[in-house]
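Both complexes shown next keep chain A, but they swap its partner, so chain B is in the first and chain C is in the second.
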Partner chain A sequence: MAEKASPSSNSISLKTVDGKIFKVSPAIANQMLTIQPLIKDSDSSTIISLPDVAAFHLTKIIEYLEGKPAAAPSAVDAFEAQFVKDLSPEELKGLLIAVGYLKVNGLVDLMANTVAKLIENKSVEYVRKFFGVVNDFTPAEEAKCRQEHAWAFDGVDED
Partner chain B sequence: MMPFRTIVYELKDIGEGIGNMYRKGAESKHMHWHGKSHIAPECSLPPPPSPSSFSTVVSEQSRWANLPPELLLDIVQRVEASETSWPARRVVVACASVCRSWREITYSVVKTPEQCSWLTFPISLKQPGPRDAPIQCFIKRERVTSTYRLYLGLSPALTCDMSKLLLAAKKIRRATCTEFLLSLVPDDFSRDSNTYIGKLRSNFLGTKFTIMDGEPPHDSAVPLNCKLQQRDHLKPLLPRVAAANYNVGTISYELNVLRTRGPRRMCCTMHLIPISAIQEGGTAPTPSKFTNCYNEHASTTPISKGKKPRVEFGSAGTDDSPGSTPSAREPLILKNKAPRWHEQLQCWCLNFKGRVTVASVKNFQLVAAAEPSQNVAVAEQEKVILQFGKIGKDIFTMDYRYPLSAFQAFAICLSSFDTKPACE
Partner chain C sequence: MSSILADLSFRMYSEPDRFKIDHFDRLPDPLILLVFNKVGDVKALGRCCVVSRRFHSLVSQVDNVIVRVDCVISDDDSNSSDSSADKANGAFSTLFRLVFGGIVKPLQALGQLLGPNRTALVSGSSSALPSSLAVGASQEDGGADQGGVTHHSPTQVLKNFCEIRLLRIELPSGELGIEDGVLLKWRADFGSTLDNCVILGASSVIQPKTGNAGDDDNYNGDDVDDNGSIPDSFYTNGGLKLRVVWTISSLIAASARHYLLQPIISEHKTLENLVLTDADGQGVLHMNSDQLEELRVKPLSASLASKRTLVPALNMRLWYAAHLELPDGVVLKGATLVAIRPTEQSPKKEPSDVSWVSTAFEEPYRTAARMLVKRRTYCLEMNSF
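Up next is the complex of A and B:
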């Protein structure tokens, strides 16, 4: 930010879907690409509401954005590993959506990679359950899937 | 479609009623993201949730089924890019069986073997291989059961038990010919099964073979006009029909009139692949999905009640593509490379680049045979498109390249197993 002001007067207020208000520095807010355009026109009285983000997720996002630059360059990987390790699958899922919505620098990659790794070598039923996705195939499509599946799998990890 | 939608919104409402905080406000913002990724009630798998777990299932579901497609795409792309070898690559196939939106996205991410050199879905067995480095496979013959199995990989020794079974074939002797039935699985060669891929049939002498595809030619890039026999059998398609057979290639072994032992001469005509396919910019038909067990292609798929329809390719084809010359649309003809007589070893030799180690009359290398009028570069005519040879007792390697598919290549190799002494 060009003008030098005290962090508090210059901070951006973000309101989560569950009604909590977070004050963050412009440097942090600017890394959420979705709200970036809103920051320029906002002053300390503006409150940007985030309809897809819960307080817990915003807390984690801020933790990541503050923690990553603080870590030594060689420790970034360890920091990221620890960051996702602390998350339960439920939290991981919610955070992925929040991060995808806010388009948080770096964190989108980390979350998508983590989720991609999670589903490696897993059964379709596991993936459905994990993502809470419903099988919406028609019987003909399902037959097709079964055929592909039978061809591709001769044994899969138990979930 | 309409009843679908209604249920979708009801589901969402339930989700909100239960206090799913994510839906509120996000609804309007994200509606444009959804596109076709709407939720639908499940039909069979997995079993419906019990009433007690219903609330969590619904709230989870509304959040996750609404996973923005770009995020899902991002995840599937990462999965696809990181798993490039079998068996790990099966996770990509799993992603395509999750639900419709996952399937759509996964299919959009997975490229053809020509583009990425990897086999992913069974359909990639019917898509042409890569243009440069061949896809390397091996074939195991089981004499007792008369079955042949095609595996992805360099050799059984190098890939251990990790080889991916691509196709299986079963040899069946009939009164007047021999047939090889090709299947996706090693234990079901029924023509009515949806694992049926096609077959190879010999003539009485075992000198000429026909490759029959269980799938109709998929697009209009067919070089010659194909006309259906028995048109009176064309009827609206039932959901499941026994696969028809479409003649896609002919292999002939030249009779050695002198009856002396010498190298075979073989000639393959691939009716659906234009000779131009081997040139830069030329293409071979590349189906994107199987059609034989769907009714969505009812208008184009033949059905027969009695005899199976067979498609023949007449030479009286009409050239409906004005841009290409008729000669470029002539079918691809493959001939085996003539071996050199090696004076010191006193045998016929071909350079298989280390992929073939045992001398056998079955070994061959196929290259394109073009007429001068077809303007095919000499370099293209020297490229080995399919190579097949023995590396051990009942073990053979098969390396294929564009414009052949694994199915076509396997069928050509199978013909080499069944030639009669008459042509040797």
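Up next is the complex of A and C:
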């Protein structure tokens, strides 16, 4: 998982699945719980590979960890709302997977909340498409399941 | 090197189907379950059940569920299908309505309709107490009476959830029909019966006026002599009577809500926290894990009068302020706080602990309660009803 690179400052090097290398401070890297144990044993020449994280996602994660206000909850709320505002559904899903893999402090809940809000009032078809789920019910099973959940099908937004 | 990277990213981002399936394989169950728990809404989760077998089984593991009731079936609405039972109680309930009519109607079933055609079941009165809970669209047997509309009780809707720990049920509105401008809020904790209840009321709420300082003079007279006692006029001008009506109405609403929860509680053994609230924020009924367990072990006693839990004999403490100005400038006129406990549970010596009273509500009402409990306390008693 770790390989040697040219020594630099005190920073930790993270390599994304698409080959980009990011240098982050230990304070930032420590908030990614999955890589925490690797940081202790690493020196400045270590590169930690992140097989499930693309550069776009790591950029956003670092943006979140560096930008999140330390103090007032209202400031945090405003920052988080801004953070997720312009993400497309596809980006949201990718980021959820990345932060779930890295176990990023605070961001797992934020992404899960944001995805929850996105799918909450959507149709079955939208949710399938969003998660990339193959419908493995037979037509008869699906009809029965829809019948059992008939109460769930009003108030659905347009996809 | 750079060309390899480019190829990689091309493969990652330019084949949408493959991208999705790749990522779905890596979207672990705990992460989907986390999203489902954030969704909470039972209707949205019901739709997720239809997505695939895997989603169906994950939804059944959700431990945080919110049931939003679209429609409440009141006593009046269910008369037609329940006439024999009603006749037995007819005399009593008529009397009951004469006394409390217009203020409160007994909540006979927690009727929650999350389905279409809800208008068929919405009675004219928003003040109806739920007499049954129905979610969504239908009961086979009652269908004919309701013009083919089918109701789903929360029990039915929650059938597939087997690991619920936190359940929040939200009625479309508070049961108590109160006049505009009147503030009335209650919070009650139940086990097998009422554990405690706190009621905050005010005959009117005056928002702070900006740049109109002269108005304050009107109130100074009241405040100067305000030593925390209730003025004599309170007893003669109907003020006290109104407070008693608020108190009884709130207790009826709370005990009717509690009655409706019984089947849900007995079916969901994993429940640790149950909240039954309403979209108006009028009343909140809480049950914690100990209280839920108490009800499972010791069934509730029903009131003879209607489908609600029997309210035990009560000790009440009342605080009153003719004029209560909150820190944000809002003024509560005729502010009243009532703290209620069953007589047999009340501490023998004069209870000095009022922390449970002052923390019963959210801000800004928490502050109002905290200010009121510092005033003189008046004690009342009430028989079981």
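What we mean here is this: the second predicted complex is superposed on the first by the 135 of 159 C-alpha atoms of A that agree within 3 Å, B and C clash if a C-alpha of one lies under 4 Å from a C-alpha of the other, contacts with A are read in each partner's own complex, and residues count from 1 in each chain.
Going forward, a contact is a pair of C-beta atoms (placed from the backbone, for glycine too) under 8 Å apart; a residue touches a chain by one contact, two chains touch by 3 or more.
What you are looking at is a predicted structure, and each value in this text was computed from that prediction instead of being measured.
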When chain B and chain C are modelled together on chain A, clash or fit: clash
Touched partner set for A:F153, first chain B, second chain C, both or neither: both
Partner chain(s) touched by A:N121 [first = chain B, second = chain C, both, neither]: both
Touching partner for A:S74 - first (chain B), second (chain C), both, neither: neither
First (chain B), second (chain C), both or neither touched by A:S45: neither
Which of chain B and chain C A:T138 touches, first, second, both or neither: first
Partner chain in contact with A:S88 - chain B first, chain C second, else both or neither: neither
Colliding region between chain C and chain B, picked from 223-231, 295-303, 367-375 or 385-393 after the shared-chain fit: 385-393
Contact residues of chain A, present in both the chain B and the chain C interface: 17-18, 52, 54, 93-94, 96-97, 100-101, 108, 112-113, 115-116, 119-124, 127-128, 131-137, 142, 145-146, 148-154, 156
Chain A to chain B touching residues, read off their complex: 17-18, 49, 51-52, 54, 93-94, 96-97, 100-101, 108, 112-113, 115-116, 119-125, 127-129, 131-154, 156
Chain C-touching residues of chain A, taken from the complex the two chains share: 17-19, 52, 54, 90, 93-94, 96-97, 100-101, 108-109, 112-113, 115-117, 119-124, 127-128, 131-137, 142, 145-146, 148-156
Footprint of chain A on chain B - complex, ascending: 21-22, 24-26, 29-30, 39-46, 57, 60-61, 63-65, 67-68, 70-71, 74-76, 78-79, 82-83, 87-91, 93-100, 102-103, 121-122, 165, 184-185, 194-195, 239, 290, 293-295
For the chain C and chain A complex, residues of the former touching the latter: 1, 4-5, 8-9, 12, 16-17, 19-21, 23-24, 26-28, 30-32, 34-56, 114-116, 135-138, 150, 152, 156-157
